[in-house]
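Consider the two complexes below, in which chain A is the common component and chain B and chain C are the respective partners.
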Partner chain A sequence: MANQHFQIAIIGAGPAGMAAALTTTKAGLETIVIDDQKGSGGQVYRNLLANQEASPAYLGKSYYDGTELAQSFANCGAVYQPDCTVWQITNTHEIALVSRGKAELITADYIIIATGAIERPMPVKGWTLPGVMSVGGAQTLLKQAALGADDAVFVGSGPLLYLTAWQYIKAGLAVRAVIDITGGKQWRSAIPYAPLALLQPDMLVMGREWLGDIRRNTEVITKVSAIEIIGQSQAQGVSCTLSSGDKIDIDANHIFLHQGVVPNVNLTMATGLAHQWDHQAHCWRPVIDVTGKSSDEQIYIAGDGGGIGGAKAAAIAGRLAASAIVARCGKPRFLAQLYYKLRHLHYLSIRPFLDRLYLPSADFRLAQTDETIICRCEAVSKAGVNAALASGASGPNQLKAFCRAGMGRCQGRGCGLVVQEMIASHTGQSMAETGYYRLRPPVKPITLAALASLEGPWPD
Partner chain B sequence: MFKSTMPEKGRIVHLQFDGEAITAFDGDNLAAALLRSGKVKFRTAAKNDPRGPYCMMGVCFECLVKIDGRPNQQACQITVHDGMIVQRQNAPDSAGKVSG
Partner chain C sequence: MARLTGMAATRPVVIIGAGIQGCATAFFLSQRGQSVIVLEKDHVGRHASGVNAGGVRRLGRDIAEIPLSVASMDWWNQIDQLLDIDRGFHRQFYVKVALDDAGADLAFRRIQQLHSAGFQHETWIDRDQLLCRIPHLTKSVFGGVLVEGDGWALPWKITRAFHDKAAALGAQFRTPVTVTSIDKSGEHWQVTTDAGMIETDIVVNCAGAWGTQIAEMTGDVLPIDAYAPMLVITDRQPMFLQSVVGVMGGTLSFKQLDNGSMVIGGGKRGVADAARNLTQIIPAGLSSFVMTAGRVFPHLRDVAILRAWAGIEGYTKDNLPIIGNGSQAGIIHGFGFSAHGFQLGPAVGEALADLAMARQTRVNLTPFSPHRFAVSPDQAAGH
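Our next item is the complex of A and B:
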């Protein structure tokens, strides 16, 4: 594949990437889809085609809704490169890949970045202990390996948490408790947007079913002001402080944390694309137009990586970006584009409500105790970050140099938003003014041997 | 402990984790296979801080292990194979010495 050229390169084979490929291949454009996982579907439809045969009912309708898309993608004729990581996009639109230890460069006229979302960090004391996982991680085990743990505790808030707890219950697993950190303040700010959310009745009905089944099958603890994981070498329980001041201790070896998802901006930022701080969703997002076009004319961003909208919005965003590119290749699709734009707006109508309802309070976005680890990779605690702030670190990059937070292998994915907000509250600057780590390629670690395998010319 | 939520099927694959024999199913990713065997501690970070798989999607780098002698492998992104030798990956301890 070395030095190959494609008309369209799509990065990510989740709903946005798969849907985009359907449109570009149908228009006859030579398309490659690159994905770092071993199968298509992204995280939301992970392992969907492999799960068709046994098709466990506990994964639910929202999961199997992706079947037609995944099957069409498998037959669409795009060059599909799984198990392949993009570690750089150069300013001349060379795409640097690494697959099974070998690096390659390809080029493309247009690039669609559809790299999805990651979970918002949830830095509570003890969250690094073995046995503590993100809810997304727990759900991946269920989809990919049909694995679940009895007597687990789910802690946090947001649709993915309720869906996964519901899937656990439907799979016949005993859920010890759900500790819901959604507060009254979030409800009050979200309620004015409830009428708009009614445009998505299916989603609301589904959410109500999840929450109802959870309440009937496990203990739900609300009005929570603080969380701490107990354990020495692995998780042994959760200690939960209620706003009344009462404390509840629950024994558990498996604790799943989640407080929403945010766009995975590592590749888009490292590519030098413009980003903005999203006040409503409290995260960074790339600056894109209605078709997904970024600050670089040749690069489009589709799906959750351009702003959280969920799987169905992502698939439409993929269609929209792809049809905009098809139009630029001389095949205008005015009606299709109008249709996708309206559908996209329709799917997004629930977001103002959800974003406000499930935005965790600052108590949970920021660590509550000095010994809580902020940067997991470098084991930097809240006290360590505060010491760097006290020594005068004035922004994320200087702070990185002072205390190593953000310098590890995950490249800030697990601490960036927390560190940024700690700086902002220390300096009194806004989140936008504070900015984020300066991300640079390679966006995932790559070995020297893999780099050395690259055939020239080298990227700048 | 993690357990199967569906009838187990597939060819049995044999591997070793820190010298202990572990069985997995063909096609399993390594992190899932180890969790199914009750292993949650995969490595230590700086300051002997114990760690295990967290995100299961290749983002957090918490599940790093040594596979067949090669360090820094993301267990959640790698499929098991027969005869795979897996070791916990421990950060340098306070004496600056890497163990394991």
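Our next item is the complex of A and C:
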């Protein structure tokens, strides 16, 4: 594959990447799909084909909705490269890959980045303790390995949290409690957008089913003003303060946190594409046109990586980007494009409601106590970030130099938004003015031997 | 303009650029009671001064540069007291290893050349001694050229410390402020910026990769090229290295920081877009110097690289810096350090402060004279 050229390179094999490949291969374009997972599906349809045989019902209809897409993708004729990570895209559209310890460079006429979403960091006290993980992580274990834990507590808000708690219940696992941080203020700002959300009745019905089953099967705690994980060397419980001032302590060895998802911008930012601050969803997103075209004419972004829309919107976004490229390759498909544009808008109609309802309040976006770790990789606490601000760090990149927040393995995936908002509230600048960490290749860590393999075998 | 030699000027000296050279110059001037205004278009240590490899070495320098480097080492050896910091300079040893006959041959010639020029600081260390001091080195090493007492520092920390100390002594730092023109007005200079105009007798150009544009505003044509030398940093590993390692005949600088991460540089250049403050990493270039690191430390095969980056740096035609008076009175240049200016910083700051106060400099600056590139503006325009 080294130095190979493709007409289309698709990065990511979730709904957006898979759907894009269906369109480009059908148009006869030579397509490679690069996936850093071991099998297609992305996060939402993770391990879907392998789960077909046993088909555990607890994963739910929304999961098996992806079956046809995953099956068509497996037969579409694209070169599929699983277990392969893109660590850089140069401005000459060289794509640097690493697969099984070996680096390679390929090129493509068009690139579709479909790298999905990551969970918004939730820096509560004790969130770094063993026994605490993200809801997304818990769901991954369920889909990939049919692994779950009894007596877990789910803390946070958002569709993924409810879905995963519901899947847990359906799988027969005892859920100790769901602590829902969605506040009355969020409800009030979301309600005006409820009529628009009615355009997606299936989603609303499904959400109601999840919430109903959760309420019937476990304790749901609401009107929460503060959260703290209890434990010294291991999570032993959650302490939550209610807005009434009362405190509830719940014993638990497994605590799953989640407060929404945001576009995974690490690759798009490291590639130097233009980004903008999304006020509604409170996150960065790449600047793209209606077809997903980025500030670089040859690079498209499809799916949640271009703005959160969910699995169905992502698949349509993949189709839309792919058909726009197919059109640029001389095969215009006006009707198809129009259809995809309308479908995409339709799927997005629920977002104004969901974005407002599940945007966590600043209390939960920012850490509540001084000792709470903000940057997990470098173990920088809230007090550490504040000290850097007090000594004159005026932006995210300066702050890195002052206190090392954002300089670890994850390149800010776990702290970037928190640090940025702390800076913004310190300086009084907007989130857009404050900006984000400058992101660097490799977008994911790569070993010395793998990098050197572009030159030859590692010396012994 | 009659100004007494060595006396403080009444108007503040204007320094353009808050990298290590500008901050060190501001420090020495402030220490001597001279008022100073530093103008920086981004923020302190934003470019090469904040993100270089951090080597503090006399090893391997151009002979013309050695006296300045040696003078600077005096300051490095007292940097903690000078700047009120802790562990500012990691004094270790710096060795360029010879990996083959050709490398060893280069090493011997280098040492001979230095000896005949009267310098004894670089010495040969044989294979066994070297393996004794750095047990993880490849067993196929031949030996190396070594300087005791060279080492490394964290570039941003030192640049910032010069800034902090200068500011504490009264230097004013204005950031982000961009200089738009520099004009002679009677006996003094008017420095116009996007945040107002400053009158001064002395302008010190420490603008690094942007030094050419500043020089041009004063009527000096001093072309340099902007490049972006690339570096990588690794995941944390158990401590195994208490020295900085390079390679004879190759480009590599390798060190391990206190937290166990390794910084690997190699002089390989990325793409620099100085006008837009952007750099671009070139994968093949990274691969080449990481391979060199592998030849020196094969045990690091599976260590992860977390980040690659590049700082924008100005290179002169002869790879020696431009330090000295410009063609017009009151203009002083100190830029174009060609990716080896960090260690020189303290001595350059002292020398530029001397020039600004019309004092005799400690080190002869003739090899660095801006006039060695003398081209009249007309000539330059003709090209």
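Here is the rule we use: the second predicted complex is superposed on the first by the 454 of 460 C-alpha atoms of A that agree within 3 Å, B and C clash if a C-alpha of one lies under 4 Å from a C-alpha of the other, contacts with A are read in each partner's own complex, and residues count from 1 in each chain.
Just so it is clear, a residue touches a chain if its C-beta (ideal position, glycine included) is under 8 Å from a C-beta of that chain, and two chains touch if they have at least 3 such contacts.
Remember, it's a predicted structure, so these values are computed and weren't measured experimentally.
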- request: Superpose on chain A as described above, then tell me if chain B and chain C fit or clash.
  value: fit
Query: Looking at the overlay, what does A:Arg409 touch: chain B (first), chain C (second), both, or neither?
result: both
Message: On the A-aligned overlay, A:Pro442 touches which partner chain: chain B = first, chain C = second, or both, or neither?
response: second
- line: To the nearest 10 degrees, chain B and chain C lie apart, as seen from the C-alpha centre of chain A, by 80
Query: In the superposed arrangement, which partner chain does A:Ala362 touch: chain B (first), chain C (second), both, or neither?
result: neither
- request: Applying the touch criterion given at the start, work out whether A:Ala145 contacts chain B, chain C, both or neither, answering first, second, both or neither.
  value: first
- prompt: When both complexes are superposed, which of chain B and chain C contacts more residues belonging to chain A?
  reply: B
Task: For A:Ala174, select first, second, both or neither according to whether it touches chain B, chain C, the two together, or no partner.
output: neither
Query: Which partner does A:Leu338 contact after superposing on A: first (chain B), second (chain C), both, neither?
result: neither
Query: Looking at the overlay, does A:Ala401 come into contact with chain B only (first), chain C only (second), both, or neither?
result: second
Smallest distance from any CA atom of chain C to any CA atom of chain B, in Å, after fitting: 5
Query: In the superposed view, which residues of chain A touch chain B and also chain C?
result: 408-409, 445
Statement: Touching chain A in the complex, chain C uses residues 43, 45, 50, 138, 156, 160, 232, 234-235, 271, 278, 280-284, 286-288, 290-291, 293-295, 298, 300-309
Message: So in the complex, the part of chain A that touches chain B is made up of which residues?
response: 36-38, 43, 54, 56, 58, 118-119, 128-134, 136-138, 140-142, 144-150, 171-173, 233-234, 253-254, 264, 373, 376-379, 408-410, 413-414, 444-445
Field: Residues of chain A touching chain C in the complex
entry: 88, 90-91, 94, 96, 103, 105, 272, 394-395, 398, 401, 407-409, 411, 440-442, 445-449, 451-456, 458-460
Statement: Listed in rising order, the residues of chain B that touch chain A in the complex are 1-6, 28-29, 32-33, 35-36, 40-42, 45-47, 49-62, 64, 72, 76-77, 79
